[in-house]
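Please read through the structure below; I'll follow up with questions.
Going by the order they are written in, the chains are A, B and C; count residues from 1 in each one.
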Amino acid sequence: MGNCCDRAGNFFGPQKNTNVRVSLPAVCFVWQIAMIVLFGVFIRYDEESDAHWVVHKRDHNITSDIENDFYFRYPSFQDVHVMIFVGFGFLMTFLKRYSFGGVGFNFLIAAFGLQWALLMQGWFHSLDHTTGKINIGVESLINADFCCAGSLIAYGALLGKVSPVQLMIVTLFGITLFAVEEYIILDLLHCRDAGGSMVIHAFGGYYGLAISWVLYRPNLHQSKRLNGSVYHSDMFAMIGTLFLWMFWPSFNSAITDHGDGQHRAAINTYLALASSVLTTVAISSMSQKRGKLDMVHIQNATLAGGVAMGTAAEFMITPYGSLIVGFCCGIISTFGYLFITPFLEKYFKLQDTCGVHNLHALPGMLGGFIGAIVAAAADESVYSKEGLINVFDFEGDFANRSPGTQGGFQAAGTCVSIAFGLVGGAIVGFILKFPIWGDPADDNCYDDEVYWEVPEDEETIPPVLEYNNHMIHKHQEISESNFSVEQS
Amino acid sequence: MGNCCDRAGNFFGPQKNTNVRVSLPAVCFVWQIAMIVLFGVFIRYDEESDAHWVVHKRDHNITSDIENDFYFRYPSFQDVHVMIFVGFGFLMTFLKRYSFGGVGFNFLIAAFGLQWALLMQGWFHSLDHTTGKINIGVESLINADFCCAGSLIAYGALLGKVSPVQLMIVTLFGITLFAVEEYIILDLLHCRDAGGSMVIHAFGGYYGLAISWVLYRPNLHQSKRLNGSVYHSDMFAMIGTLFLWMFWPSFNSAITDHGDGQHRAAINTYLALASSVLTTVAISSMSQKRGKLDMVHIQNATLAGGVAMGTAAEFMITPYGSLIVGFCCGIISTFGYLFITPFLEKYFKLQDTCGVHNLHALPGMLGGFIGAIVAAAADESVYSKEGLINVFDFEGDFANRSPGTQGGFQAAGTCVSIAFGLVGGAIVGFILKFPIWGDPADDNCYDDEVYWEVPEDEETIPPVLEYNNHMIHKHQEISESNFSVEQS
Amino acid sequence: MGNCCDRAGNFFGPQKNTNVRVSLPAVCFVWQIAMIVLFGVFIRYDEESDAHWVVHKRDHNITSDIENDFYFRYPSFQDVHVMIFVGFGFLMTFLKRYSFGGVGFNFLIAAFGLQWALLMQGWFHSLDHTTGKINIGVESLINADFCCAGSLIAYGALLGKVSPVQLMIVTLFGITLFAVEEYIILDLLHCRDAGGSMVIHAFGGYYGLAISWVLYRPNLHQSKRLNGSVYHSDMFAMIGTLFLWMFWPSFNSAITDHGDGQHRAAINTYLALASSVLTTVAISSMSQKRGKLDMVHIQNATLAGGVAMGTAAEFMITPYGSLIVGFCCGIISTFGYLFITPFLEKYFKLQDTCGVHNLHALPGMLGGFIGAIVAAAADESVYSKEGLINVFDFEGDFANRSPGTQGGFQAAGTCVSIAFGLVGGAIVGFILKFPIWGDPADDNCYDDEVYWEVPEDEETIPPVLEYNNHMIHKHQEISESNFSVEQS
């Protein structure tokens, strides 16, 4: 009771104003209204989701409704949707007192981001130049969810240290940068990146790290008491981990080619993830006294195989190739949590709450280069002539590109995504330094009480405690003590 | 420890007997046996799930097994199934000490309800008059799940205040009323209501509210200590919220037309939901001191866009139309939690535990009228001639109905659903007032201990407490105090 | 604080060394490397996931990519995947202090098991004798997940009493035995067992029980304080229960015949599960003072209907037949928790943490016999001539088998699975008795602190407690007491 107010009282040092009562609603309203206007001008149904489909079907001799792209992609879309909202959301609930912020702001970011992504990606990739409209279907929804993933990854580096208004800024710029780098990588460089090792993970990871680096808080140790998990918050985070882990095959296969493309991407991702789990457990156990496992590793590094397969999953990397990728990335990611994150914090002044460097940035970068190598090694004996064309889309302007050249472009694409992340993140970081966004004070990070009405939990006081309490008061009377009571 | 018994002792005032040891098993057995008998008489596989499918395929020149309706609808069915059991179930776990009842009774209601729904909906909609049998397939399962949703919504208004036996009564009548109003609205009035704004949400919401109004408890404040959340119970509720939110596109598209119908319904619902999130956050933040967000709003009002798109999702409402619907309903629903629920409680004697008025009744009603407007505005230029016929099913007896007329019938359908909810709920409420159903006393609501064996949680006492406890006993000895110990 | 270390200090009695810092990483690395080597030698993509699919399609006149098996089975695969990792994983989090172990070791077992299963099942079922390769596709992934389920069920009987190294041994042998008994039952005896009542549940259940019987701990009561749930751990377990319950129709239909086979299996399972819920509630309520429900029953026995339909789901068991199966198995399973488990523990020295006897072994065995009866009763009037051949695969060597004979073989198959479970489990149990695997001491079971870095939960101490604590210290000073403080 009084306690809550006391703690709240601490929030508002002279320099920090965390009141977002004007700014947060203003941003939400302005941006949502802008979305409505822009959707009104630009967004229409594509031919498979428009009521004219019945005519389109007849004109194109499509014999069955099952040929609608909806049936090829909707199950994968829903899996991706779960990853974005439950996967990323619950993975970020591990902090003992920032679970509301973890899952709630994730929800806000993604709900705004997917709208802006439909527009940005539409303008760059699917604008119909005849009508000036963007025609959307289920594949657009998947791509919009993917686009949000970049900003959600960035949130992982910032978790607990920024205000929801800042997160809306991060998302606005994150989606914008994403659409541009994606256009450069996929359209201009003609890279393949179905599961987004480059465009999602490497970009999102370095974007978040660059922002976090600019926003470095030298006195963050003042919030150290809250920068950790409790037993049940670790369990909530495992919900996020498992839904990410289970549905990653859908993530990497959601927008690959119909038929063998989706099929193979799912198999490769499934295998890489399985392999990651074993090496994560091995390294985690080796690193601790008595071989005890650390939940941070299990919650995160087990996913590294999925990140690293984002580019190569649709290629003929072979099942054992997938296992090797998972094997290595489980090790590297766990090492990252053990050594690289503390190192970066100490020597590079980089505070990375969720360790996105180890889960997204580094494995994403590796995934980009793995993709480059596998692409460069492709040949017709493995893919068949037509298969090679299908998988790498060697058609039109790119009909004469060789696998070796493709490998070079894939590697270049990876560098582009990292550059966009670092430069874009640095700029956005400086924007976020303006003292108007309502971010928390250093002694007030990782605390839901700053932005949420938090229930008071009085009922968790076990009965025996009330008994103690009663006894104490009795004692007080008896001993007639007069020391001053400092209620913490 | 003794404490549990002490609290249990309080449960049983002179007037209330919450012992359901005879009534609950009796109801479960009688109804389950009745289901078996009725299924034996009436329910058979339909032609797509019967082993004769191989013959049927040949007779109808169906070239591929993928044409079986199973492949069009099963992924959506599973998403709906998750919404019913995890979505509704976990959304109702937010109370600090009624999580078992929230998720457990939800489970019981739905498991009984879906069986009874297969029969009731079968008799009204798909009875084969030649054989006298109801032939079921995957679409029947989806409809049965939908039918349960009505009763689960009603449970939201009653949460914590009724016994499981009463809930079985609520479900029995709820399913029955649902099937009748659905028959009137969909078959007689020939309305379209794929996602059930009218038949599910408006009906279910008003049904629950009417029951709750009849069962008004003037002394419910005696349970006020338990009518709230704790930190972790709010997190469990977010699991429910997110699974509802993510899978709502499947809910609204599960039984729409194959092809563009399912595709468009999913897109529209996805957009409306995204828009709801932003306006919910905006209003929630505006309403609180220092702009803090309220978990109740985030858990509920973010879903209002999905409810309100239940009727119009399959229409050509346009993407920006969907955003506008979500925009408005997020605002209205959050306002409902802030002002309407307290108002209804104070002036209408209406106790609505989960605020189903704001999440289901009101957005459902709005959704019905939005559907009416969008239907009335339909024309061939937007839908194409054949598309218009497909979407509104202007065939057979209804071949000459105009969109304008259809709009009128849609509006009439909304009124029918509300009337059924209110009148049916009032009658069921009076049935539930009989003092034989084992409902809890006023000071005993929202408490799992009434109907569940609750673990004692002794282990949550932190070690330091045991130390205190030990110290206290020592002190007791030392000071030889003789005051009476009242264990709370 | 110091407390953690004190408790840790208790873990290491003279006779038990739970340090797995060498053994666990060694096992993980050795086995993962072995998997990579064996995959390199044996595992390739099948024709539907290989880039040659475009050629294969043309050669076989396949007109649409939607004919790829991926689209028939991938949605079911993902549901099964959720059951394995979230379903089984969270169901085992019910213990108050073994939730990390429940969900984490489940993750480890399944991630290793599915790789080994792809190899073992490949060698027995799908080795291409021309090339010496195993060609995998989405159906292989489902089968690998199924295979893991056997070992995860066994883990249920051992939960809290074994080390992760022992679990890797259990899994290695469990997968191996599974593949052999599956080969005998499905290939040699030509049984049908789509959802694995026999090969998964009866085998896995008896395998785990036999291991547990060999590993009997007479002094397990020393860990009694931790062998129970707390409020929130029961809620986490309900996540597991519900995802198992909801997706069981996918489990039983995932590898049945395309078309009516998958469709019918889903319907039958859906109905059996619904029926189980009502009888579980009935028996649970009857068995307790005042009719209170027991979470253990709701979490487990509600699933018995799905287990028991594992064999018969694809048969024409009729909808009411499914309800009857669920009705009986809900009763039997709940009775099992009430009477059989305590009986087995007392008189057979069998400690079964999760009660897998009641949820898997017994309903699995019943499911096998139910399948035998339904198979024996099959005739052409119900299935059609072709339907009968399709469902029971009466082709090739088995073209002349009658339904009656098939029933006999189904019953024999059930006995084979039980025999494999009991004998295999006994042997594995003896292997696990070697004192080198790092299993916990009797007073140290059900405790995550043995194998996990557990967060200290200091923040759960409510503020008032710190106040007490402060007061105590003051008192201490005042009364200058000198009694020795034993921090518990």
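Following the convention adopted for this analysis, contacts are C-beta pairs under 8 Å (C-beta built on N, C-alpha and C of every residue); 3 or more make two chains touch, one makes a residue touch a chain.
If you're wondering where the values come from, they're calculated on a predicted model, not measured in any experiment.
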item: Chain-level touch network, classified as line, ring, star, complete or other; value: complete
item: Same-site or different-site touching of chain B by its copy chain C, using the half cut; value: different
item: Cα-centroid distance, chain B relative to chain C, in whole angstrom; value: 31
item: Residue list for chain C, restricted to those that touch at least two other chains; value: 66, 71, 75, 97, 232, 239, 457, 460, 465, 468, 472, 475, 479
item: Contacting residues of chain A [partner chain B, same complex]; value: 18-25, 28-29, 31-33, 35-37, 39-40, 43-45, 48-55, 57, 64-66, 68-71, 74-75, 78, 81-82, 85-86, 89-90, 93, 97, 99-100, 103-104, 107-108, 111-112, 114-115, 136-138, 141, 164, 232, 236, 239, 438, 450-455, 457, 459-460, 462-468, 470-472, 474-475, 478-479
item: Residues of chain C defined as touching chain B within the complex; value: 3, 7, 66-67, 71-72, 75-76, 79, 96-97, 225-226, 228-232, 234-235, 238-239, 242-243, 245-247, 249-250, 258-260, 262-264, 266-267, 270-271, 273-275, 277-279, 281-283, 285-286, 288-295, 298, 302, 316, 318-320, 323-324, 327, 382-384, 386-388, 390-391, 457-458, 460-461, 465, 468-469, 472, 475-476, 479, 481, 483, 485-488
